[in-house]
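All remarks here apply to the structure that follows.
As written, the chains take the letters A, B, C, D and E, and residue 1 is the first residue of each chain.
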């Protein structure tokens, strides 16, 4: 019995130590995905897109610069502890960049990954002030952050109000968490500038019951409602908005509140709902033909393949594309195929994607140009507004990609990153 | 028996006195104007048919029930409103009709819990253990071991009480009450459900406790033989009222008692 | 340093210096093993001795010691000896009348009683024991209200003693110095299979020299731990727990109570252990029964490794060469079975164990030895201060009892009776010159009363009580015990009494072993309400018949004993019981009494009836008497024709 | 089988009442501690630290705390997550306010602060019992989390409401922040957990522990024989919260490094700890550790087997993991409702009696 | 009437509606607790599972499609266009009964006479299991629940109430969700049905007997085990109804299981053993939390509903430790 116990202990220890299998390929892009839990439906789509694009590269191009790509997937269930465990278990396998897909996990990983020298790409989420590359050397949140999003939405609202928001009432319905609170300060700053009246309505996780908030909105009759939601909160909010017959074209969500999942349950009534986005919608791009041919039809699709072309799928794919481009940049810069995480970081910092490159990638006009630099990890900060067409069951871009109000945002970023630097005794890098 | 003469010499002044106790639950009167006393060193029995209010009386004495009327005097002082544990601290220990042992604990721990009122070390020293806490614990363990020895329950010292047979549990419960080293011991049907041999044992223990430690005992018992043998004085309750009070012989010949007991065949 | 003190008090003083704070005695009380070092024990004993002196205990006075093995009672022995007095230990379970005889015969002045029970008995016989003047008790429980006239609390006596010592600080030492080796040390009353108990007078030299010799023989040291659980009045306990303990300086452990002996044994884990064969047999029975409840796999494993042990265990114990594979297998077995088994039995630390008093079944003996427990046999009796023969390490046999112990001479007389002469030979029987002369001749040779011979291996072999060895009508030898022992080695048989002297053939009474048979019944769904019913059960008879026939076939193979095959037997309806006088307190069969009591049954065995009615008087545990009656079946057993030995010689 | 108890006897109450009266157990425990203190710190890496050992220790501390309340005192609480949050935020405020303070002190102070909050939320237990109390403690859970989310003072007015642990040291060795070496954080947690497991053992074996158990087993009888219920229950709440607070502080400062209340200290944490306590064994110190190990390691193990060894898709594996954990919990409760500790006890009893079955 | 007052009424009205939704979930808890003393934490997951199954049947999903695809490399999703809603509900009910039987057979049977907390934990284990199982069977994506129930604010009510406002006041009428009204109606029907069932059927009477006294019920020959299957089936049915209602509001997805948390304060408030308690508890909680959010919530930062329900329940418990409708606890020695 003793021997049995020892054997069992050894096996247990062995299995505990076994992380996801060390990739045979040389370029490792771990996926901290979540396909279960309250946010599983959204996480699944993103993860499918992220995985499929890399599969496409492997199948079509033989990887990046001839080196195969591996995407070990680790389920976090949107749970910070599991996120940390996933990070620790995969970082040893030569991970190049992390895409945590959770603001909570991103916060968790910022100091750790920086200490480990592995870059994080929190694309359109995470810590907004990470855009300041001088302070956050290993964190990137290009092509846009929450404050950009807030600013772009305000800009759009201003546009539809003939350029004048003075005296208008804007209500923010937000997920009562770090993520949801992110835009508040920006919106308050912008309120000062534009003279609108901002009221805040928090919704607690998970957000199934929002009757109070929407009755409040109904009573207040705001001109516009903005939403920073995620998961079931989005669906319920849109549904409640339709219930109180709030005009959908005056209801704008951030890019995490603008997927098919969010509008479908409300059915036709959701028609006209808007959301900001930093990339194109739909599957009308050449790259999808490749994905169909090399990935889906080859039976190599992640998940069940039903999500191709959805907003979150596209976003996952876009994230993978940016990672792949950064890796290629790094390969070129350091003149090596087998790059390290540090080189990857350099690649990300020098990432440049112009319209031509996008076209070459089979994604013409899919996203604005990107030009990352040492000081600016936040990308162009451009966004467009997409609108839901319930009849066609598809999103449509209704504006060009436009910029955010740097005048307001940059000082905020400087302030917040300076606070972080002070708290953690970080010297600003010299980026000149 | 010459023993009764010896015993008479042992009995001292009044230790506890209840005066005009009336207790009711939502209109139902459990006790009506009950008065009696318990003298130091005596064995006092409370008897009566089922539902006579015997247990309620004990509950009043141990502070679990608060009577609507009446007073309880203990050690010559009138007792104010008190929580049961404060009563226990004054030196009144008891056993229960339906065994109320701490089932998850061993015999030893049950007895040690009985000494709760005597233990003093504060939380800090207990957390450190080494030092005052351990010293106190061991001192009390020694006292408890003497009770274990007294009751002859060495073999079940570390057995969880839930696993013990009924008779043993009764004995452990007596041990827990003894551990408190109380001045007054209230025994609620200590021999209920026991066989003859166990009853004899228990009688011996009750007498020994009274003898060796000089503990005053008030007990409720159904077995008339036992009551008459054991007790110095008997108070008889029926339907919450006092029927009689006196020595076993007096009570035995009291007509009201005879009627009550003939009326209700005792079990 | 060799300890040359010649009395126990002197040994005590020497030990208190030499071993000082080493434990001398322990008792499980109040949940833990209360321990006294030699120094503490000396002080306790001296306080008691002084107290006794203060109470007027004088040289030559006798102190009866009545009770279970408890430190204070052992101290009483030594305290009495300090003052030149003589301790008289009495069997604690003897009834008042037995006790009265001993106390009266020994002219006891002081009594040291364990508790209320013993005090009650003492008080009961007080009027018939005019010599008895003072009673000291150990346990105060229940004695509070007793008349304090002649009763004294042990602690109070010690207190008195301490005061006395202040007054006369040198008195005790002077008294101790007066003692010599040739002084009478103790009276040990033998239970005796017949008649009244005899008081065996032992000198200090008897005990001390014998102890010293036996200690040297087995290389015992002060590091031994021993559990004292056998009656203090028995010579064995006196030697093991007192004589050897004082001489070697090892620690004596007193169990909490009779009921907890097994647990206490397990806790203490003695290194030196004595038990009569019956106890070893009981242990084996328990092991077998408990293993029957184990799962299939575990049983298989257990049996496999027990086979391994049977094959190689004894060789392993005696350090003989074994193949690597056997060694490894045994070691594995030791890990999986033997060591845990020894642990549960409390034998993990046993270096040396003795058994004596009766023949031990070879299987039982080998079982323990094969587990690696060094069990040895010795042969002895009260009159010899135990040791007559002992088995040296490496020369252990089940059927012989060893070579003469150091300084012991042995001869076999013409009646096949074993005789010996040694320093341990008793002084005399107290107040019984005649018996002394009968037992010990002028040259100091003592008749053991046992028939025996020296076997080929040079060791003594005991067949039976010399007087019990009889003859069948055809003149062939009838050794009842030999046959009985063969039967008793079956676990389900507890006791056997055979008959055959001056008869044509052999018949037997059998007592079932309630534990073993009861367990079997439970397992086989045989319902029974009482011992009697179980004993009379057809299936049980069948089982016994098998055993009897097997013994018969064994006996048939032995030319000397082939006539002893059992022709008819019956199963007794009650257990033979010391309380009914059927057994001695040491559980030896009292043949004569049984033959008288059950003459109807014996007659029936030698007729051809199929059953027989019998009514027997019994004594219950509380001393009440009653009668039980039954009609017993009588069973014929198959016998075998003797096998003619064809040895190619 | 391994036990050789013959000769292992007790000559004093002190040795009879020690935590591990059996010699072999003592050796075993010393062996485990020796490995934990002398071997593991030298071989530990980031993965073992962050995924296995530190979370195990943190949760073991929480389980100890809840076991005191639920296992020993019989008061079911579902407010563990909330109390952990109190510990975490107290720790954060202390770290920020007194940067030079030794982290041990910080954690212990955080525990003390939580203890006070625990007393406040323990007050209803004097009237409310059983499941009613369990659900009532949820009020603590939700209210506390809401409070920390809502009042900016708690998170020092940071933009997102997240708190992050700055680097703090013990004797100049960093134990928090990204640069803390794995062995340091591990040892820090280990020392706290071992010391306070010992304290828990001391409390539960003495007067206080018995008063808790008396309340648990039969509260009315307990009061009548002299156990003050107020004192017993509130002390259980206080000490339980003290442990849970320390666990929360460690969870935030050592393990996660940053936290936000809704996600890190949600109701699922309360359930998780309750699971540990029940799967491990109510009323058992050892059970707290076994339960924590079970609930922390099994998911990691399952995931590693399914994704790592068998190579199943992550989402399938995640679903199956849920399914298996649920099944395992049920199987465990059916097989041994008194938890792993009881299983251990039974096994030990069997080993002590070996080769006999009983 | 002033708009403020009307707003207050509106809040109360909607609170009542929300309360009914909570009560729907709490009802399942009460049923099982009453009959078996089990605090069934899995009730929420049962609602999710029922809803998933219903939608799965309706839309013709292939169960375990993902698993099948993963193992066999196939690519199956749907087996057709789905089925009639009514049929789907019947089938789902069948599944829930099967589920009840399985739970009894494999879990409860082995846990008879265990401590309540052990049973409670077992149901949490069950919740985990079903969560994994449901996702595995039907996939984790968000599904749309459409059984033909109308939803959205009621115009008619808006128009009616608009006229109540004082002349000239800016008031847009009172809001009420039609779905909520339906839910209320269905809840009332459900309670009536349950009452009838327990009053007038043999099984129902056996059910009540068991609830009153387990031992006594056993001695008169009521099979506890079959009663448990029945109770769990009924709880499954209640879960299905709750699943439909909540699913219609927010889509069918994992978060649906979290509605159990909304039911807990309702339970302690109403008492674990009382069906009317569950309803009235639900109403009190619903109104209480909405009112608090409306009147005070705004001042202290909002999102108070989660905890306020519990604090409210706690407050009630301080006065009645056994819940509003729970059986009175009498302490004896």
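Here is the rule we use: a residue touches a chain if its C-beta (ideal position, glycine included) is under 8 Å from a C-beta of that chain, and two chains touch if they have at least 3 such contacts.
All figures in this text were calculated on a predicted structure; none of them were measured in a lab.
*Asks:* Starting at chain A, find the fewest moves between touching chains needed to arrive at chain E.
*Replies:* Each step joins two touching chains, and the minimum needed here is 1.
*Asks:* In how few steps can one go from chain C to chain D if every step must land on a touching chain?
*Replies:* 1
*Asks:* Using only alpha carbons, which chain's centroid is the nearest to the whole structure's centroid?
*Replies:* D
*Asks:* Find the chain most remote from chain C, comparing centres computed as mean CA coordinates.
*Replies:* When every chain centre is compared against chain C, the largest gap points to A.
*Asks:* Quick check: more C-beta contact pairs at B-D or at A-D?
*Replies:* A-D
*Asks:* Let me check something: if the centre of a chain is the mean of its CA atoms, which chain is farthest from chain B?
*Replies:* A
*Asks:* Which integer distance in Å separates the CA centroid of chain A from that of chain C?
*Replies:* For chain A versus chain C, the centre distance works out to 88 Å.
*Asks:* Where the CA atoms of chain D average out and where those of chain E average out, how many Å apart are those spots?
*Replies:* Distance between chain centres, rounded to whole Å: 33 Å.
*Asks:* Where the CA atoms of chain C average out and where those of chain E average out, how many Å apart are those spots?
*Replies:* 76
*Asks:* Nearest whole angstrom, what separates the Cα centre of chain B from the Cα centre of chain C?
*Replies:* Roughly 47 Å, centre to centre.
*Asks:* At which residue positions does chain C touch at least two other chains?
*Replies:* Expected reply: 31.
*Asks:* Do you know which chain B residues sit against two or more other chains?
*Replies:* 64, 96, 100, 141-142, 145
*Asks:* Send over the residues of chain A in touch with two or more other chains.
*Replies:* 35-36, 40, 44, 176, 204, 303 - these are the residues of chain A that touch more than one other chain.
*Asks:* Considering only the defined contacts, which chain B positions touch chain D in the complex?
*Replies:* Interface residues on the chain B side: 62-64, 83-85, 87-89, 93-94, 96, 100-105, 109, 112-114, 116-117, 119, 121, 123, 126-129, 133-134, 136-138, 141-142, 145, 176-177, 180.
*Asks:* Quick check on the complex: what are the chain B residues that touch chain C?
*Replies:* 6, 108, 141-142, 145-146, 148-150, 154-155, 157, 208, 211-212
*Asks:* Would you pull the chain D residues touching chain E in the complex into a rising list?
*Replies:* Residue list for chain D touching chain E: 70, 76, 124, 127-132, 135-136, 138-139, 141-143, 145-146, 149-150, 220-221, 224, 267, 271, 274-275, 278-279, 282, 312-313, 315-316, 319-330, 333-334, 337.
*Asks:* What part of chain D is in contact with chain B in the complex they form?
*Replies:* That would be residues 12-14, 17, 198-199, 202-203, 205-208, 210-211, 213-214, 216-218, 220-229, 235, 239, 283 of chain D.
*Asks:* Provide the residue numbers of chain A that touch chain E in the complex, in ascending order.
*Replies:* My answer: residues 35-38, 40-41, 44, 176, 200-204, 206-209, 211-213, 215-216, 218-219, 221, 231-232, 235-236, 239, 242-245, 261, 264-265, 267, 269, 299, 303-306.
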